[in-house]
Structures are given as C-alpha cells and as structure tokens.
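Here come two complexes built around chain A, the first alongside chain B, the second alongside chain C.
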Partner chain A sequence: MKRRIALVALLLLIAGAALALRWSPVDYAAQDRDATMAPSSAQHWTGTDELGRDRTVRVAAALLIGLAGATAAAALTTAIAGCFGVAAAFSPAWAAAVLMFLSDVFLSLPWLFLLMMARSLLPLTASPLETAVATFVVLAALGWPACARVLYRGALSLRTAEWMIQGHACGLRTRQLVRMHLLPHLRSLLLPQFLVCVPAFIVAEANLGALGLGVGEPLPSWGSMLLELDNSALLARSHWVYLPIALLVIVLLTLESFSAEGETHA
Partner chain B sequence: MSWPVTIAMRAGRTLLLILCAAAGTILLVRFAPGFFSDPREMDAKYAQAAQEEIDAENGQHRSVNQIAMQEAKDFLGGGFGTSRQYRVPVAELIGARIPLSALLLARGILGGWLLAICAALPVSSLRRGGLFWGLPFTILLAIPTAAMATACILSETGGPVLVLALLIAARDFKFLRSMLEGAWRSPHLLQGRAQGLRPRALVRLHILPNVLPQLCALTTLSIVTALGALVPIEVIFTVPGVGQLAWSAVMNRDLPVLVAVSLLMACVVGCAGMLSMRAPTLEAA
Partner chain C sequence: MHSPLRSSILCAVLIVLSCSFAAGQAAPRQPGEIAWAIHYDPKTFDPAKVDEQASELVRYLTGGVLLRLNRQTQQPEPQLAQSFRISPEGTLIVFKLRAGLRFSDGAALTSADVAWSLRRVLDPATHAVVAEEFLSPAAVAIETPDALTVRVHLPTRIIGVEKIFDEIAIEPANRPSEGRVTSGPFTVADYKRGQYVRLSRNRNYWRHDAAGVQLPYATGVRLDILNNREQEISLFLRGEYDLIDTLPAEYFGIVAQKSSSAVHDLGASLNTEQMWFNQSPAAPLPEFEKAWFRNRSFRVAVSEAIHRADLARIAYNGHATPAFGFISPANAQWHSSSLKIPPESIADANRMLTAAGFHRSGNQLYDATGHAVKFSILTNAGNPARQKMAAMIQQDLAQIGMQVTIVALDFPALIERLMHKQDYDVCLLGVSNAEPDPSSMMNMWLSSSPNHQWNPSQKTPATEWEAEIDRQMQLQASSATQRIRKQAVNRVQQIVADQQPFVYLVYPNVLQAVSPQLRGVQSSILSPGPAWNIDSIRREQDRPRRGAL
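Our next item is the complex of A and B:
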C-alpha cells in the first residue's frame, strides 16, 4: 500500500514536470532580463532566478534530469557490482580475495570525499551535458563497492546451493549456470541494491552541486538549485526559492519508501 | 589463530589499504587535466626564459614513479611536502586544522548518538506508531547535508555541530531502532519483563550487553558518515578545518595536500574499521 502511494506520487511528479516542460513557452536556459528575481506572476508561476530564468521550468528539468541520471547511474553501478560479485564468487579463493580487497580500497575513503576528488579531476572545459554525464558516470563508477560486497556474499551462498551443484553435475557450464540459475535468484538482492542507490545518488549529486562540482550551468540540477538559497536578496523577494528543496525532499521520501520496502524484501 | 596474530593481520591489511588509497590518489591527480598548470605561468613578471625554466622544473616530476617517490620521501621526512597553492609545508597546514575538525567530529558524533539513542530506545519498545515517531528522522535522511547546512545558516539556528549531529542521528536511528526492536523481542527479555524487571534494568542488564558488538560496528559507520559530511559542512559554514582544506586542494589540484588528506582519512576509516572488528575478536579470545 505504502509502495503504491509512493509510486503514484512519483509518477504524478514526473508527469507534472514533463507537462511543465512541454507546455512552457520558455526554455530552462532562456533569460528574461526584465524580470530578474521576480516573484510569482502569470508569466512566471513560481518566479525567476537572479538571471531571469523561469523557476518552474528549471525545477521541472532538474527533477527529470536528476531522476533519469540517478536511475541510469544506479542501474550501471548495480550491473558493475553484480558482475564483480558474481566474478568473485565463481573465482578461486585468492582471486576473490583480490577482488574484494579492491572494493575495500574504494571503501577506505569517505564516499563524498572520493566523489568530490574524482569529479573535480575531470576536464575543466566541458559542456553542461558532458558535466552532467560525467557527474552521474562518476557516481556509478564509485558506487559499486558496497553493493558488490552484498552481491558477492549472496552469490557465494547460492553457488553452494544443492540445485547449483546438480546443475554443475548435469554438465552446465559456469556461464549457463550464472545466466539460467544464479541471476534469477540474485534478483532479490539486485533490486534492493538498485533501489537504495537511486536516492543515494540524487543526494550525492545535490551535495556535489552545492560544492560547485555537479552538473554545469545552464543545465538545471538539484545542486545548482540549492545554490540559490545562498542568495539573500532572492530569499527576501520570494518564498518560491524553497520550492526545489521541498520537491527534492518529497522525491527522496518517495524513493526512500521504495528502498525501505526493497530492503524488507531482501 | 591466536588473537595477537589476528590483530596483526588486520592491522597489516589496514596499512595496505591506506597505501593503496594514497597510490590511487596520486594516479587520479597525476592524470587530471590541468595538473601541470602552474600559477606562475599566468604572472606577467616572469620572462619567457623564466617560463621555460618553470616548464622544465615541472617536467622533472611528470612520471607517476617520480611523483610517488617524492611523496614517499616527503612522508618519511614527516613533512608531507609543500602545498602547491599555499607554498607552506603540508604538515603545518593540516596540523593546525586537525584539532578543529576533530572537535567538530567528536561533538557531532556524540550529539548524533545521544539523539539517536534517546529516540530509538523508546520508539523501539512501542508496539504501534513506530513509523510516525520515526518520521522526523526519515525526513532528515532525505535532506542533503548541503541543504541542511544552508537551512541552518538561513534560520540563524545551530551550526556545523548541529548539522553533523542531525545527519548522524538520522542515519543511526534507522539501524539502532531495528537493532533494539530485535533485542526487545528476544525471549530472555520477554521473560525478564514477565518477571517484573523495570525497563531501565532491562536496558542496562540485557539490551546494552547484547547489542554492544553491533554498536561498535555502528560507531565505524558513524565515523565514516561524519568524515564524508565534513567537507560540505566545513565549506558551507567556512570552518577552517581539514574538510575545507581538502575541498580547496581538490579545486586547485594540490597533490601533496590531497595525498596527505587521503592518507589521514584512510587512516581514520581504517582505525574505525579495526574498532568494529575489536569486539568479536576479544570475545573470541
């Protein structure tokens, strides 16, 4: 029930954002120089930012970009973690130890510090789209170690299951065993890992953006929207500045309810 | 295996992890675009000949091996080299900032733990309404650290310690609650309740001793979470600590500072990891 309500809320938010982008006559990057830091009006429903850009359109675009990027990054990181975990589980003990040690190396530095370091060391002269792709690729590339450990343990316990041993005895190759027997059984672990990663990546992107290391302007993102809160002149003029953070919390709460349910199922 | 050997092996593994983290940092920074840019190149007072000399000077340290050797030499010398952006010994830079960050971390973690325990103990004993009482922590969990810090500044309420404490409390509450819920439902506790033991006695005599090893693991998690949050909190509140230094080093490709901060963070995470291993080891011993 809780999951269904969360799903409906999330779908409504996505549909609302898509409609706002579709029907709005202005682009997310279009600047209205006569209406900078404008309050709510018929033309700009939730006002404009310091460059005169429509806040409704920017928030809608940030929501869709954040969700799409985080979902893609979470899918990629779960796939990497799955490959890593399964490879370690079906490798000799020494190879598994090396692979798990590699994941420990990534875990030996705090996640946000590692992200910040990797993201900031990417090219300085990149287009906004490239920075968005780079940010989410970095998230995916650094998010797998914790998931890989969980999946390794799951795959290891499944490897020694009786039906796996029987499959092996029947002459099935390792690749066939993994594809036909292991992966369907690992789905109960893969899905929760994916669901946990989506909100975690959205929060990480917002934190990176607030440090100036997220998605580049003029492409809107949660991080760049949070930076607006630093502008005291803007805060004094309109309360709509708080809209992005309110929406972000709602999105994260709906996603958290999915991940909580996923954890329960796991 | 005897416990001194186990501890020595774990310490060795932690040391290896720290070295790998430092090597990874060197590789990452060495191949970053703009690593070889020197602020002096932008200075008009340097003549063409001087610029070429600067190029040649930088060219001497281009290979990863040379950089690693230099870093190792600086590390063994105890100074960690000289910061590229501040032109000050790194040890001096970090040494002045460690007490500030350590104090912030200690206060934040302590505050967070107090908040989480004070909330989780009564909530975990409830039969109904746990979801409602846990809602503030769920909402806190959904707020990015940077947003929480900005909100504190805007409302002129609290400071870096409060933000860190709230973040730790939000993360730990979830684990503490499920941990304590399991403990409350265990058969020996039900028997203790049936025998008329008071809740305070139940917590002191039965719950805390049972969840102690898990609490040690949770301490590790709290330290790692706090270290990660240190960067945005110190940057937003302009606290001159290690987190702010790390951010500035990352933005300016200051390799000696980055390697030193990475080593420091990996050391803290490694030692915190050893802390979570300690309880079962000693139990087994």
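Our next item is the complex of A and C:
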C-alpha cells in the first residue's frame, strides 16, 4: 500500500513537472531582468529566481533531470556492480580475493574529492547537457563498489546451490547458467541496490551542485537551486526558495518507500 | 537494517538547516573590547613577513609606524615620526622622531630601533613583501645621526615613497616579538588557532586626544576567525560584533532592514570585476580560437553586448557601479573623466563582427573559416555575484550569436589552469586594488609581468599597443611631475578602453556595517575600512538590548 502511494506521488510529480515544462511559455534559461525575485503571479506561478528565471519551470526541469540522471546512473552502477560481483563469485578464490580487494580500495577512496577532480577535468567547453551526463556517469563510475560486495556475497551463495549444480550436470554453459538461473535469482538483490542508488545519486548531485561543481548553468539542477538556501537574504524575500528542497525531500521519501519495499522482498 | 536513504535525507535536511539557521557563538566580550570577524587565520604575526590580509590587519592594529596614510585624505601623516622631509631629488628622507616614545613593555623607542626595523625589512633573508616597493632594497642605506633622527638614502626617486612607511612596523631592536611588544595602539595578547586573535591596549602608546586622554580608547580588539558570512551577519545583528568591513551586497538589505543606520554604501570601491580573453601564444587552444581572442573587433563587440547596468543592478543588488576602465571613479585623482568608451549596442557589436569576417547562421555566429563561435567563461565557485554575472553575460552574448558555457572551479583548480597551464578561453575574476596610486598596478600592466593576465611574461610586447602601455606605465612610475604622470595614466586608460584586453564589468561598492554602539568611526574605502582610525574608536558602555539593533 505504502509503495503504491509512493508510486502515485512520484508519477504525479513527474507528470506535473512534464506538464509545467510543456505548457510554460518561457524557457528555463530565459532571464526576465525586470522581474527578479518576483512573487508568485499568473505568469510565474512560484515566482522567479535572482536572475528573473521562472522558478516553476526550473524546478520542474531539475526534477526530471535529477530523476532521469540518477535512474540511469543507478542502472549503470548496478550493472557494473553485478558484473564485478558475479565475476568474482565464479572466479577462483585468489582471483575473487583480488577483485574484492580492488573493490575495497575503490570504496576507501575519498569520493567527493574524486568527483570534484573528475568534474574539473572535463573540457571547459562541455555544454550544460554534457556536464549533466558527465556528472551522472562519474557518479555511476564511483558508486559501484558497495553494491559489488553485496552482489558478490549473493552470487557466491547461489554458485553452490543445488539447481546450479544440476544445471552444470545438464551441460549448461556458464553464460546460460548466468542468464537462466543466476540473474533471475539475483534480481531480489539487484533491485534494492538499484533503488538505494537512485536517491543516493540525487543527493550526491545536489552536493556537487551546491559546491558549484555539478550540472553547468543555465541547466537547472537540485544542487544549483539548493545554493539559494545558503543566503538568508533570499529566504527573507521569498518562501518559494524552499520549493526545491521541499520537492527533493518528497522525492527522496517516495524513493525510500520503494527501496524499503525492495529490501523487504530481498 | 539502517537505511542509507535515511542518512541521505538527513544529510539533505542538514544542508538546509545549516544554511538557513547558521548562527554560532562568539567568544565572550571583555569590557571595552571591540570585536569583529576575519575570515581566516593570520599566517604570521611577524610584521615584517606579512603577505596576506589577515596578517596585514593585525600589523595595522599593533604596529607603530613612522607615517600613516590618512584613509580619508589619502595623505601621509606623521606618527612615530614627528616630522619628515624628502630632498628635492627624492633620494633622501629624513625622519625626526617624537621625544619620549616607548614600546608596550616600557623600553625607550629610539632611532636605533627604527633603523633595525627598516634594515630587517630590507634584508633579503626576511622575504618582506614590502621591500619590493623600494625597487632596489639592497641599495637603500640608513643612518642614525642621533637618537631621534633617521636618514634613509634611496638609490633613485620612488614615487609615493612615504606610503611605504605605512607598512613598516617599528619593533624593538634585536627583539622581534611577533606583535607581543609593539609601538602601535595594541599588542597581541592571545591567539587560539581557528577561534580568535585577542589584542590588548598598549598602555605606552604615544598618542593622546585633544583632551589629553591617552589613546586607544578601546581596552582591546577581538578578531574572531570566522569564514561564514551568515554567522558573521547574525552575530553582528545580535550585537556580538561591532563591524563588518566588507558586507556582501546580497546582505546589505537584510542588515539595513534591521538597522538602517548601521549600514553604509560608500559608493564604488577601487576594486574591479572584469573578464579577459586568453591571448597567450602558449595556450593549448585551437588557432582559430586564439585568432578570435586576438581580434580587437571581437573583444570590443563582446564588450558592447554586455549590459553592465544589469550586472550592477542584479548581481550586486544595485550596490555596484558599471565599469569601463581599470581606475574606478572613486579614485578621483587618477580616474579619466574624458575616457572614450565603446557604446553598449547590440547593433554596433553585430556590425563590428560582420566587418571582421564573422557571419550569422540562425542564432549561431561563425568565423570566416566556418567555426562556430563557442567558448567558456571560467570563474571561481562559491562567489554568487560572479556566477550571476557569468550567467547574465551568457545571455547577453547569445544575442550576438556567441554560445558560452560557464565553468565554476574551486580556486586551486582555477589558478592551476590560469597561471600554470593557461588552459582556458575567458576568465571572469576581480582585482583588489589596495592603493589608489597606479604605480601599485605596474605588475598587472607591464607585458613582461607574470600577472599580465591575458598574455603573461612576454619577452617583448606582442602588440604595439602593449608596448605603448609599457612605455606609459614606466613613464608614470619614474616621473616626478604629477601632470606627466596623469597624462600617462590617462593614455593607458584610453588604450585599454580601445583594445579591451580586460572587459571591465563593475566596480563593487564598498559596503560596511558599523554598530551604532561605536563612536569615532570614520568610514573609508581603503583597507582596513572603518577600523583605519582604530585608536580613536570607542564602544559605548551601555550594551544594546537584545534585538535593539
């Protein structure tokens, strides 16, 4: 039930954001310099930001970009972790130890520093969309080790399962075993890992953006909009400044419902 | 299982809470103490080795000097020196000390202490930054004919030499104490790294007010080390701090709302915000891009397309002045009022670009070789005003078909690209000018200088107009005639306006907040702002009621 409510809430948010973008007459980057920090009006439902850009459109775009980027990055990181975990589980013990050691080394790296470094290595002329893609790819590339260890443990226990031995005895090749038996059984582990990664990547992007290192302007992102909260002068001028953080918390809570459900199933 | 999601959400909420309700505790105030915040720890208390702002402030508050630059009249005034005289050829300065001077520990201050302090600063082993201002510090000779006379021999005339002595603190000979024994209004009493620097009153300070009361009035100064503007403003509004030297423009309104008499907009500062195109031959940029940046018409067209009044109004909430040259109108002595500047006109910008071989296809501008005009503007992360200006310039330049991306990097990464790799297209940063005299800007304008940002460290000037800037800047630095100096500086201002190596954007206004509890404050646009006459400032004993500000 809880999951259903969360799903409905999330779909409503996505549909609302898509409609806001579709029907708004203004672009998310358009600056109305005579209406900076304007209050809510028929033209700007939730007012404008400091550069006179429509807040509704920007929040809607940030929501969709954040969700799409984090979902894609979570899928990628889960896939990497799955490959790594399964490869380690079906390798000789020494190779598994080396792979897991590599995963631990990766896990111990200062991820925020790495993210900042990777982000600063991007070509300066990268377009805002490219910076958004790069940000989420970097998050995916750095986020897999924690999942890999969980999936390795899961795959290891499946490797010695009776039905796997029977599959071997029936002459199935490793690829067939993985496709027909292992992946369906690992799904209960892969899904929660994926669901955990989505909000984690949303928060990570928001952190990077709040440091001014995430998605490039003028593309909106959670991070760039949360930066407004670092200014009490702005908070005093408009309560709509709280809109991005309020929506972010709602999105994170709905996503948590999914992952909690996923964990229960696992 | 503890959900990592809860941690994520908690983290997000904590970000908001820390941003929204940041208000810490200041150290307890001692009676009669004046308090304000500095943003990082001073690197040194040794007055001879000062090379950054926090240390410079401590030196200013503790160090006794021969001459002090009056921050309002901008003229040097005798301090430890009762009088001074510069010879007609400008190579000899004679200081006559006041009689009966004492250090804070009670020891007598004589010409021997002055000579020792000056020699220490001039000694290459000290690595004193101020020594460079003597041009040839090794050739400076100091004599002390008697206990109250100091003669300084210079190898050549130095324009504005008196101002150098504002930066040299006189210490007891052979007893450097890192600010513990001083001849200025205060001494360093206590320092807790990352927390505060506490200065206490020098009971042997030489100065008295008109009524004969010994200065300074304040019993001490506490400089809290606090790199959080929100907290600083909150503590100021609670009456815990007495001053904010540089109030960010976005907070001016909120402080004014609470206490309109506490905030002061002193108008344009000497500082500039500007952007420049990378013209370095060593830059790892495509040749066609370098060709754009070296093209005067391209640079002027960019300058003409930028709406500076909007930058000042929106990025600085109106607390900035549109800029068209490197000398601010606040610097009345050197600012050229007859400067011919490119007009703000999209039509004119388009015309210039067309004449230079650029053409439009739809909304995109292309050069003569068919390359789309796309470049990035680099600026530092964590400076909201600069990031807003960059976003506005992005939209302005889109009107003339230029596609701009904005890159905000943390400062070390930015400096690495700027100074070492020269791997950037356009950079948007500011320049702080502590002194009004253009001689202090030589390192930026001479083509041979590593700080000649658009094309640093040139062996010979790359263009005729840069060679002309070199000649004029050297002329103003060596001429003893004010009229010739002014003409040379005017000429440089006009060349810069014509060539636009720096596209000047705004002069941020000087915004200060001063507690109504303080008496004797004389605001100034020069550093250290409202604290420049610290010895004459006192705090009313009646503490304000909570929220009374």
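One rule holds in what follows: the second predicted complex is superposed on the first by the 252 of 266 C-alpha atoms of A that agree within 3 Å, B and C clash if a C-alpha of one lies under 4 Å from a C-alpha of the other, contacts with A are read in each partner's own complex, and residues count from 1 in each chain.
As a working rule, a residue touches a chain if its C-beta (ideal position, glycine included) is under 8 Å from a C-beta of that chain, and two chains touch if they have at least 3 such contacts.
It should be emphasised that the depicted structure is a prediction, and the values quoted were computed from it without experimental measurement.
Colleague: What is the contact status of A:Phe113 with respect to chain B (first) and chain C (second): first, second, both, or neither?
Modeller: After superposition on chain A, A:Phe113 lies in contact with chain B alone.
Colleague: Contact-wise, after the overlay, does A:Arg4 reach chain B, chain C, both or neither (first, second, both, neither)?
Modeller: neither
Colleague: In the overlaid three-chain picture, which partner chain does A:Ser127 touch, first (chain B) or second (chain C), both, or neither?
Modeller: Second partner only.
Colleague: Would you sort A:Ala200 into first (chain B), second (chain C), both or neither based on which partner it touches?
Modeller: In the superposition, A:Ala200 contacts chain C only.
Colleague: Which partner does A:Arg175 contact after superposing on A: first (chain B), second (chain C), both, neither?
Modeller: neither
Colleague: Give the label of whichever partner, chain B or chain C, reaches more residues of chain A.
Modeller: Between chain B and chain C, C touches the greater number of residues in chain A.
Colleague: Report for A:Val105: first if it touches chain B alone, second if chain C alone, otherwise both or neither.
Modeller: Only chain B; A:Val105 stays clear of chain C.
Colleague: Classify the contacts of A:Arg22 with the two partner chains as first (chain B alone), second (chain C alone), both, or neither.
Modeller: In the superposed model, A:Arg22 contacts neither chain B nor chain C.
Colleague: Report for A:Leu226: first if it touches chain B alone, second if chain C alone, otherwise both or neither.
Modeller: Once the two structures are laid over each other on A, A:Leu226 reaches both partners.
Colleague: Going by the contact rule set out at the top, does A:Val249 touch chain B (first), chain C (second), both, or neither?
Modeller: Touch partners of A:Val249: chain B and chain C.
Colleague: Find the residues of chain A that appear in the contact set with chain B and again in the contact set with chain C.
Modeller: 116, 120, 124, 199, 203, 206-207, 210-212, 226, 229-230, 235, 245, 248-249, 252-253, 256
Colleague: Given the complex with chain B, which residues does chain A contribute to the contact?
Modeller: Touch residues, chain A against chain B: 101, 104-105, 107-113, 116-118, 120-124, 199, 203, 206-207, 209-212, 222-223, 226, 229-230, 235, 245, 248-249, 252-253, 256.
Colleague: Quick check: in the complex, which residue numbers of chain C touch chain A?
Modeller: 1, 3-6, 8-9, 11-13, 15-16, 19-20, 230, 233-234, 250-251, 253-254, 257, 307, 310, 313-314, 374-376, 378, 381-382, 384, 387-388, 390-392, 394-395, 405-410, 413, 423-425
Colleague: Could you pull out which chain B residues touch chain A in their complex?
Modeller: It comes out as residues 13, 16-18, 20-21, 24-25, 28-29, 31-34, 138-139, 141-147, 150-151, 154, 224-225, 227-232, 235-236, 246-247, 250-251, 253, 258, 261-262, 265-266, 269-270.
Colleague: Applying the document's contact rule, which stretches of chain A touch chain C when the two form their complex?
Modeller: 29, 31, 33, 36, 50-52, 116, 120, 124-128, 196, 199-200, 202-203, 206-207, 210-213, 216-218, 226-227, 229-236, 245, 248-249, 252-253, 255-256, 259-260, 263
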